[in-house]
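Mind having a look at this structure? Questions to follow.
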Amino acid sequence: MTKHDADQFTVKREPFYKEVGGEVALYEAAYARRMPVMLKGPTGAGKSRFVEYMAWKLGRPLITVASNEDMTASDLVGRFLLDKDGTKWQDGPLTTAARIGAICYLDEIVEARQDTTVVIHPLTDHRRQLPLDKKGELIEAHPDFQLVISYNPGYQSLMKDLKQSTKQRFAALDFDYPGAELEAEIVAAETGVDAKTAGKLVQIAHRSRNLKGHGLDEGISTRLLVYAGQMIAEGVNPNAACKMTLVTPLTDDPDMRETLQAAVETFFV
Amino acid sequence: MTKHDADQFTVKREPFYKEVGGEVALYEAAYARRMPVMLKGPTGAGKSRFVEYMAWKLGRPLITVASNEDMTASDLVGRFLLDKDGTKWQDGPLTTAARIGAICYLDEIVEARQDTTVVIHPLTDHRRQLPLDKKGELIEAHPDFQLVISYNPGYQSLMKDLKQSTKQRFAALDFDYPGAELEAEIVAAETGVDAKTAGKLVQIAHRSRNLKGHGLDEGISTRLLVYAGQMIAEGVNPNAACKMTLVTPLTDDPDMRETLQAAVETFFV
Amino acid sequence: MTKHDADQFTVKREPFYKEVGGEVALYEAAYARRMPVMLKGPTGAGKSRFVEYMAWKLGRPLITVASNEDMTASDLVGRFLLDKDGTKWQDGPLTTAARIGAICYLDEIVEARQDTTVVIHPLTDHRRQLPLDKKGELIEAHPDFQLVISYNPGYQSLMKDLKQSTKQRFAALDFDYPGAELEAEIVAAETGVDAKTAGKLVQIAHRSRNLKGHGLDEGISTRLLVYAGQMIAEGVNPNAACKMTLVTPLTDDPDMRETLQAAVETFFV
Amino acid sequence: MTKHDADQFTVKREPFYKEVGGEVALYEAAYARRMPVMLKGPTGAGKSRFVEYMAWKLGRPLITVASNEDMTASDLVGRFLLDKDGTKWQDGPLTTAARIGAICYLDEIVEARQDTTVVIHPLTDHRRQLPLDKKGELIEAHPDFQLVISYNPGYQSLMKDLKQSTKQRFAALDFDYPGAELEAEIVAAETGVDAKTAGKLVQIAHRSRNLKGHGLDEGISTRLLVYAGQMIAEGVNPNAACKMTLVTPLTDDPDMRETLQAAVETFFV
Amino acid sequence: MTKHDADQFTVKREPFYKEVGGEVALYEAAYARRMPVMLKGPTGAGKSRFVEYMAWKLGRPLITVASNEDMTASDLVGRFLLDKDGTKWQDGPLTTAARIGAICYLDEIVEARQDTTVVIHPLTDHRRQLPLDKKGELIEAHPDFQLVISYNPGYQSLMKDLKQSTKQRFAALDFDYPGAELEAEIVAAETGVDAKTAGKLVQIAHRSRNLKGHGLDEGISTRLLVYAGQMIAEGVNPNAACKMTLVTPLTDDPDMRETLQAAVETFFV
Amino acid sequence: MTKHDADQFTVKREPFYKEVGGEVALYEAAYARRMPVMLKGPTGAGKSRFVEYMAWKLGRPLITVASNEDMTASDLVGRFLLDKDGTKWQDGPLTTAARIGAICYLDEIVEARQDTTVVIHPLTDHRRQLPLDKKGELIEAHPDFQLVISYNPGYQSLMKDLKQSTKQRFAALDFDYPGAELEAEIVAAETGVDAKTAGKLVQIAHRSRNLKGHGLDEGISTRLLVYAGQMIAEGVNPNAACKMTLVTPLTDDPDMRETLQAAVETFFV
């Protein structure tokens, strides 16, 4: 792993992030002890953005892995590849992070198979080791290495949850949608629409979030609001823009669509 | 990836496409922001044709991938192949699209396993990155790259649906069968039958579409109407042509077949 | 793919086929437009024989693939094989057919996994293309290429059926057992028994077909009648020949066996 | 495939086989037409022995394959193996049989996955071909090739049965335990015990066969009687020999064991 | 397979084995006819020890395979491995045993997948052959080869049981815990504790065995008694030794633990 | 395996371990006989720490393997890897341990598939052997080798439990949370907070542990207390530190969170 390789994982520009309630200082304290951290919260509440911001702020490379249910331990740790002289070991993203002292962010770890979650155990206790069983090597994590995972409490089912022996290896921070004013500020900053339009979009989102569990699986996320703002900024009629970005993606239920469309029309005739 | 490679994905001739209701301008606005787009609608409503048309209109190469439940993330992203000097990386269609700035169209993405849907996440947010975990490379999407997926709301079941964290990454456009006049125009243009015959075929289709949910899973699509027109243009008796293309493929239920056959005979004795 | 390779798929002798009701002309019209065709009907109704006959009549090579539930898309499309210089691509039967302009007959396609059925989509619409994703090649079908599939409506269950998005890509022809006289003619021609014996065998088959759904999954097929005729032509006692070919293979239920044996004994004491 | 290879599949000595009811002539007539044959009957009724005897009588090599639920089509047809010049095709047992004109006996075919059963279809109709899809070769069966399968009706469940489209490709012969006198003759001939002892063993077996479905899954087979005879011929006390070979292997249910032991003690105190 | 290879499977020292009831002579008679033998009984009843003893007594090499549900037929029979000249066949343990004339002991065969159990069929009837399908070789078993399997009747469920067609290929011997006096003798001999202590340990075991089916899945095995004796011989307090070896390993149910602990305290205050 | 390789598994520094009740002497007696040992207890009760301490005390290398449900026998035993001269065997961690005389600690073995648990059987009885079936080698364990496994009784379900034939191969030691005073001593020593703060943290943990089974799956572990102490030592407000380390990671249930938060506020306003 050369310097150049580490460089590609550096966060080059300051990500746009607005602090909500002290989470930056709490994260800094946890990082000072290299404590593993779990970010909890719904889709689009800014978990990925936050870890990117902290990596930038702490000046550490960031390696993000989107977990999925077919991901194996080898996808994280590494594997042997064939080359002309036979097999050659190639580090996986977790191993790379442990070697170069990156922050390794495992997004939606609960989606992964259990072998993936168990493989992080020795990195998250006093050992801070990663055994590469297939290679017969035991690596010590770089002093700057830290592990962060995300977790969406709304998705977990009886079949798919982190084991207590995994959960209890992490300090945890809750994330939720930003407050109305802050969210409007974000939408305006990221799309170029005026504050008033941004405020209306946020209000529509709030109405949808009240429908969570009453016909909707999730409310409208900040990301979709940004999409709406971008369409409006491109000159699209606000009502049509909202339909395309806030209503149609969210649900196919005719009643729910009507309710959402009515909310849109309250603000954009 | 050479120029020549990109060429093979160029849409060479203008595809036959009739706009229904402003979807061309909406798509152009979304593409201007490289916003990921989801096309929703039933079989044969023209989703694939639309994306092909937009690729032609925007002058972008188009890479289409028909999703299936055995498709893995590697099928999209790429894999190592053996050659005489050992392993050689080969880009998958999604990676190729991200590199050359193509529109990548994932048809019926919901059929794929979750690892396929998760792999598109970093390409569909502010990062616009595709991590090739197995290769240890993080590629930045070409500025012209855009992701489009299709989704048939009628097919989704409890077991197989997109996760909210995936859905909320897309703006969405609804598609439905074209209006009667437009559809007749399409059938005539694609088969060479006269307007009157085309009109009759469309009327038969309309009757079948009213039976959706009352014995039929789907009504007759525009494609089947084109088949019927083609058989008639080949000199086949219209009644026999309709039986072969509009009735027999659709259902094996004797009652439904009789009902459809009666509809045919209203127009072609 | 050399000329010699295509030759091995040529149907050398005219297959024995008796037209039932205009299906030859309908198929010719469909082939003129290279329209994909689905042959529907029960086991032994002559679907495979018909497509073989049409390939012979149209002078096209025929590539038949017996589908099964473990068949993957790679089994149809092709795969990389290792040789001394590394990997070498080998076309699967569908790719070969698309290249040489053969009729490709996928027998009982519904048995295959969905990746197999999805892989045929781009070959069955206006694109007439086959993307070899693993090879990064997009091939255009030969102008003479046509796709034919078979489908047994009696077998489909809720779990295993073609998707509407697949069904609506095919014109369809129904097949059923031939009429009594024609079937007797076939049995006599294929076995060498006299017309009277052939007629008796057909009558036994008719009785069994009335039991379909009343204790039997299927009635006696023409193939089994041919077996019976062959045994009789070999000098075996007709009653014993029928027991071995018409009764014992069909069912293990003692009551159904007795009923079938009684039918046999009506004609052969 | 050299002459030497075929030799290893020749049945060198006449197997001990006692005809029950005309099955030898029926099989010979079927073989004269190379008709596929299914042997039906319970465990130990002599199906394998019969096919071995017929192969010997007809002077054909015999290739036997014990089916199992993990057997794939490749296990039957063949596969590519690596050698120093790359991949080399190796015929599977079915392909070998088709090439050298052997009788191929697929024992308990219903245990296999469906791809195995579908792969035999083109070998069992007028085509008599075996497509080696992975090799791109279509082989014509040797004129002497014949396919034989076995099937135990007692084992089939709703989940695991041959499809009608497979069943109707075979003539079928029923097998059952031999009659009492014949079975005693077999036991005496194969073990060296006297006729009286053999007769007693057969009577014990008959009692157990009456318990089939009333606490036993199967009755005592001829094979176990031969084991009992062998132990007795080795000088073991008959009661202990029967316990070890007829009672203990069959069941662990204490009541059934007592019943069987009582049957033993009726004949061997 | 060289002489040296066979040597490693020789049982070098006489295993400690106390005959219970004639099983040595019965096994010798079965081996004289090379009859396959099944050893039935609970965990720790001495099945593995018995077969090891018999191998020693008969002077035959012993190859033991611990079955498991992921074991494939290839794990038993052998597979091709790559070396610098391409693929090289390597015999599996069953093939090795068949070649060198070893006793092959498949421990808890019922745990294996069905392909493993079917693969032994041709070795367990008059053929005494092992077809290496993947290698295209048919090997004849060495005249001294014998197959032995173990089977724990308490574990079998509806889903996991030997098929009758497998069971009826074996003579069978029942095993149970040794009688009290014999067991005490074994414990004393293997640990060095005095006869009185050994007797007490056996009495504790007997109490636990009465609880089988009344809260315990199995009683205390002879092996655990040996552990207890070893701890006592190491100077550990008998009560603590029993807790660690007889109570804690067996169950986590508080009531059962109390009952067992009470049994311990009856003998060791 | 060179001296250097063994060195990497040596425990270099004395791990911090406080004995609870004689477990050190009991383990030493078990190790004297090389008896396999099972450590039972909940998450965070110190099982891993204890085995690490014993390895240090006994001066033996320690090889730890975190089990998971996708771990195969090969992951433990070893496999063939390709190099330029063909395949080369590489020992797995269990084989390495058996060769160099290490203590092999299989953490949460019950998570593994059964082939993993069966593979340890011959190492845990009088044989002390490990058959490398795929290599055709039978290795004798080094005289110093010992096997240790862990087991969390709270997690076992009907589907996933060790088989009795595995359980009865181990002596067992129970582990539980340390007593209040000892636990406070540990927290203080590992974090640097004063004794009073440590005591408060332990009291919060005790309250949570009483909720086990009444809304919580597990109580707060010692590890989380250490996290809380670390955050406080970093200058974070104790209430916020406890929320982040003791409340948020443990549960998402609003009522339970309130209860836990109330417990926190009893000690840290």
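Read from first to last, the chains carry the letters A, B, C, D, E and F; within each, the first residue is number 1.
Convention: a residue touches a chain if its C-beta (ideal position, glycine included) is under 8 Å from a C-beta of that chain, and two chains touch if they have at least 3 such contacts.
The structure displayed is predicted, hence computed values, not measured ones.
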Chain labels contacting subunit B and also subunit F: A
Label of the chain whose CA centroid is most distant from the centroid of subunit C: F
Chain centre separation in whole Å, for subunit F relative to subunit A (CA means): 30
Centre distance in Å when subunit C and subunit F are each reduced to the mean of their C-alpha atoms: 60
CA centroid of subunit D to CA centroid of subunit E, Å: 30
Touching two or more other chains - residue numbers and ranges from subunit A: 82, 84-85
Ring order of chains, beginning at subunit B and proceeding to subunit C: B, C, D, E, F, A
Complex interface listing, subunit E residues touching subunit F: 5, 8-9, 43-44, 48, 64-71, 75, 79, 81-85, 88, 90-93, 96, 107-108, 111, 152, 155, 217-218, 220-221, 223-224, 227, 230-231, 234-236, 240-241, 244-245, 248-250, 252
Partner subunit C, residues of subunit D touching it in the complex: 22, 25-26, 29-30, 32-33, 35, 38, 40, 72-73, 80, 82, 84-87, 113-115, 117-119, 121-122, 125, 131, 133-134, 136, 138, 153, 156, 163-165, 167-174
